[in-house]
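This structure is in structure tokens; I'll ask about it shortly.
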Amino acid sequence: MIITIRKSAPKLEVEKLIKELESYGVKVTHVVGENHDVLGLVGDTARLDENRIQANDAVRKVTRIAAPYKLANRLFHPDDSVVDVAGIKIGGRENIVIIGGPCSVEGKEQIESIAHSVKEAGAVMLRGGAYKPRTSPYAFQGLQTEGILDLVEARRLTGLPIVSELMSADKLEEFEQYVDLIQIGARNMQNFELLKALGKSKKPILLKRGLANTIEEWIMSAEYIMAAGNPNVILCERGIRTFEKYTRNTLDLSVIPVIKEKTHLPIVIDPSHATGDYRYVEAMSLAAIAAGADGLIIEVHNNPECAWSDGDQSLKPEKFARLVEKCRAIAHVVGREIK
Amino acid sequence: MIITIRKSAPKLEVEKLIKELESYGVKVTHVVGENHDVLGLVGDTARLDENRIQANDAVRKVTRIAAPYKLANRLFHPDDSVVDVAGIKIGGRENIVIIGGPCSVEGKEQIESIAHSVKEAGAVMLRGGAYKPRTSPYAFQGLQTEGILDLVEARRLTGLPIVSELMSADKLEEFEQYVDLIQIGARNMQNFELLKALGKSKKPILLKRGLANTIEEWIMSAEYIMAAGNPNVILCERGIRTFEKYTRNTLDLSVIPVIKEKTHLPIVIDPSHATGDYRYVEAMSLAAIAAGADGLIIEVHNNPECAWSDGDQSLKPEKFARLVEKCRAIAHVVGREIK
Amino acid sequence: MIITIRKSAPKLEVEKLIKELESYGVKVTHVVGENHDVLGLVGDTARLDENRIQANDAVRKVTRIAAPYKLANRLFHPDDSVVDVAGIKIGGRENIVIIGGPCSVEGKEQIESIAHSVKEAGAVMLRGGAYKPRTSPYAFQGLQTEGILDLVEARRLTGLPIVSELMSADKLEEFEQYVDLIQIGARNMQNFELLKALGKSKKPILLKRGLANTIEEWIMSAEYIMAAGNPNVILCERGIRTFEKYTRNTLDLSVIPVIKEKTHLPIVIDPSHATGDYRYVEAMSLAAIAAGADGLIIEVHNNPECAWSDGDQSLKPEKFARLVEKCRAIAHVVGREIK
Amino acid sequence: MIITIRKSAPKLEVEKLIKELESYGVKVTHVVGENHDVLGLVGDTARLDENRIQANDAVRKVTRIAAPYKLANRLFHPDDSVVDVAGIKIGGRENIVIIGGPCSVEGKEQIESIAHSVKEAGAVMLRGGAYKPRTSPYAFQGLQTEGILDLVEARRLTGLPIVSELMSADKLEEFEQYVDLIQIGARNMQNFELLKALGKSKKPILLKRGLANTIEEWIMSAEYIMAAGNPNVILCERGIRTFEKYTRNTLDLSVIPVIKEKTHLPIVIDPSHATGDYRYVEAMSLAAIAAGADGLIIEVHNNPECAWSDGDQSLKPEKFARLVEKCRAIAHVVGREIK
């Protein structure tokens, strides 16, 4: 950590600050400059509070050098983490995982039919929303427990592990019982109480990036879950909010090499929510695989025009099958396999 | 609602779509153009799902004309809403409300001392965080129930109603018992399960705008609370996330006239979290009052350099007192009063 | 400047880097840490190229501490600059300057009529676009030289100095001859060739902030003009681009205290382009004055419905007159005057 | 175009508006609703000015349906455009074009050495900046004409056509004489006077997307050049400005399928400026090819640590050669070739 000191700061004030900092066990080097001095701190600076130091009148600026995450940090855990989802492995050099399914579970028949289609096309996991985060209180909120049970039945028939979004800690028990991979949506990425609860679970977590969250904040949310005891975190990029209007969000594929450099966690891409348009999903899927993604989560619906939510971003099963075929070829080129 | 139809769409497909739309009770007018046709829909289009219509191959674009909110909409409720917080009225032509206090409650002595200071300076409500949303799991998470009880004691001594942030529905009972105005933080603005729970409470809610949420989404979150039965919602702007780095967030004061035009709800400004720097708080407070804000919520700490969180944005009591004095003069010019 | 060194960097490499840095006349302090070392640099680091240092394999991160601007920096020029525009003074404790006029000059009669109206309402300068930056090549591009001459005639009749936007250096001579305050639009804020040309002029420059430019970049563009020899720069905030859709741009009023802290230059606010809606202009004008702005530039049109550009953000003269009246009262409270 | 009318608007006012609109030759359909009426306009609405209509008190909202661009619009030009750059063809099913070279030309030896390296690695064009847009007036501004002549010499030796950035119209003649592909940088994307000048040239233009410009604005800037007579426009994405800090900009690869759907122009990706970090360039290059890009423009330097600008994002020649090799394999999978 680097602290810039105002030139006008009284000497005594600065000495007091240095003593206080040293009391936290960090080593402080004082560099005297022309327009301001600089304090260089080394040691375990994670325990220091930047805002509190910044509030000191003598201080002009506080700059953190070390990353604020530890458990997720590749520096302290050089090997790729591989997360096991009911037998399906994600991360490292494992096969790239394709997850397919509808935005919302709309009933038993619908989810079973789609489950068979995505399995046939090459998906190894089934997604489906039972609890739906909707901007409007008047929009369809999901089939809830009934939807979860429909997913369970689809799993029984196809063998595909199931992924579904958890929206509040009070349903965690239900999810631990029935769901194989618990998805945390973008809007709950910084729902810290929920993150702490997930840390007490042993189920793997698919942590989506918030619409306006930095990569660092996203890793810190993973750190919340890991620090509370659950190391099984998979990160999922689903587009960030920008000024652009031709796509629903802006898919930030550069997170793939960044996450792989900064952390050891697996990274999955959701091109459906990011673009919001089924016509752009294939190009972004291929790009994600080429960039090194460990998996894709894609919306598939047997009848998008009648989907109860997000129909415009869903692929029909035959388009999804073609997409997986092409992804397989790209995966091969970058030295990975799809099932 | 306006639906643009692709010129290449089969006539039968379009007729089918029109019939389906009419089955929802809306009236459809078909306008034939050169490059595409347009369907104009009037009636209660709130029940139609844009994404589902958009998924139709015949459809090029869906444009919603009517605002998606009803209970918060000034169109259907022309008079200003005035919300009562333990006897303090906010909104309409009522006095402008000044809320002061520390970011975090750090103990009985601290909060009582600050409570006396802010009361003397002109504040009519006391803020203080007991449950703290922190980006890092290693940062101070608040005194929790103990902090709430410290606030209660400070209220007993000063008579100031208390405002504190609720982070999860399982503490709602505690907040209903002790807290006068329940604050929902930016990161929970779209925690829909929490919003639904708040709708069953009768306590007034201070709903902060999310870091990257549009005004429309913010009003929709108010609508969630109102639709579930609680009309006592106060909106609070606290800065949005942009590319700018000299301030922590970008305070969007234009929300004041926008919110007053679109809704009938009171609007409060938080200049402390928005700027992240105590030196900019006064200028933004005066600006907010001049623009028509119904209240301010400002961080005050008796010893910012030792604050356990956000010390760099806290004002010392004497600076806060000067600020309130200046706000009073501005309020007077725009035809409002501060206590 | 602070340079963080990778722990894995060869010792020789680091020593070589330190020697190279010292050859630029800066003093380097080497702080040895557990996970990485830190080099603290003091002296004239403005001559060092961050990107070049960053490219060194031994280097993990480069952090600049000192602001990269000098001539605009309040640190080296503590007194407020006051810029003289044909006898009207802007900045410091001078009167707050109100500039009014249409987006585009549409002809002699129009501009003369508006000039009289804005003067009567209290404006001390007349704005009007003759060269118009338009997103579409098919939109009205301005009356060009004819428009400039119409402004000159309006100045002759009313005595109001004139402000107009210059879009390319090849018209600079025309502007130096006729225009009193040369406006540089948001889209040209980083048109560096144009900035250099302006530095050779002696005319005052109204430099608008780019739609997506940080305050630091904006000050650096002022620095370009100043470094080339022209100290007469007035900064103008006109809203930045964000995700919000209810306003055209997001007016960032926090620039007022920030600019006053970091620089000594005058700051003017344009609420018309920022909000894009005449109904929000008054509230934002009052807020700007309350926050300490040195001036306002506001669109006024005698017949907004027939304006050739940006009619929806123009005020009618009577609304403008009321706005100036209210601004006058706010100015008085913050210890300033409007004419 | 769709115009929503306020319910409170006087009937006469609305009739007057309809007549005025019809006078522009468009057909108006009036749809009467409960809360507001809607006017549906078909015909050549490009001539209507939205802002002017919006300024009418009777009007609540104006929504444009048709895209505002014509010459760049795939609707009116279904076949891919192929642009010829000194014999190298870009676009359609032509070979994917790899452009390599340093950020800045630093001298004859440097550029010649790099030219040979990038040619050997598979590049078919040489990039190099001679006029450099720099945020700081104190930073290296490029070798200017000398740099252009060095590029010309490097072309003579290697046969590679040359790409360089033009910053102002007064150097256009020099560029027309010497440069094969004229690059327009992000900061000049809406320098409309420059765009008009380019329209009179016959040289192909590489138009970079502005840091905060929507895809629609970018296409409109291409339209400026095309409308002025030059159809040879190649679009280049180089990252947009967001809140993210781990990468310099956010590379928006979804522009590839979007541009291919909306326009017939070739699209090239610049992963070097977008990420600002050489370690992320390869992953983003492979992703771009997989998504359907027509070319890549990549920074290569024989000694990045001594580069005069942007050294941290430059690849060494051997890394660049490996990158091209991998791109070739990806290109093959998507049915394209690299030389």
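Letters A, B, C and D name the chains as they come in the text, with residue numbers starting at 1 for each one.
To be clear about the criterion, contacts are C-beta pairs under 8 Å (C-beta built on N, C-alpha and C of every residue); 3 or more make two chains touch, one makes a residue touch a chain.
This structure is a prediction, so every number in the text was calculated from the model and none was measured.
In this entry, B-D is the pair from A-D, B-C or B-D that repeats the interface of A-C, since more than half of their contact pairs coincide by residue number.
In terms of the distance between Cα centroids, chain A is separated most widely from C. If each chain is reduced to the centroid of its CA atoms, chain B and chain D end up 39 Å from each other. Chain A and chain D, compared by their mean Cα positions, are separated by 31 Å.
Chain C and chain D have centres, each the mean of its CA atoms, that are 26 Å apart.
Multi-chain contact residues of chain B, defined as those touching 2 or more other chains: 212, 241-243. Residues of chain A touching chain B in their complex: 46-47, 49, 51-52, 54-57, 68, 133-140, 167-170, 187-188, 190-196, 210-212, 217, 220, 223-224, 227-228, 241, 278, 304-314.
Interface of chain C with chain B (complex): residues 212, 214-216, 240, 242-247, 250-254, 256-258, 261-262, 274-275, 279-280, 282-284, 286-292, 326, 329-330, 333-334. Across the complex, chain B is touched by residues 2, 4, 27, 29, 31-36, 38, 40, 42-43, 61, 63, 65-66, 75, 212, 241-243 of chain D.
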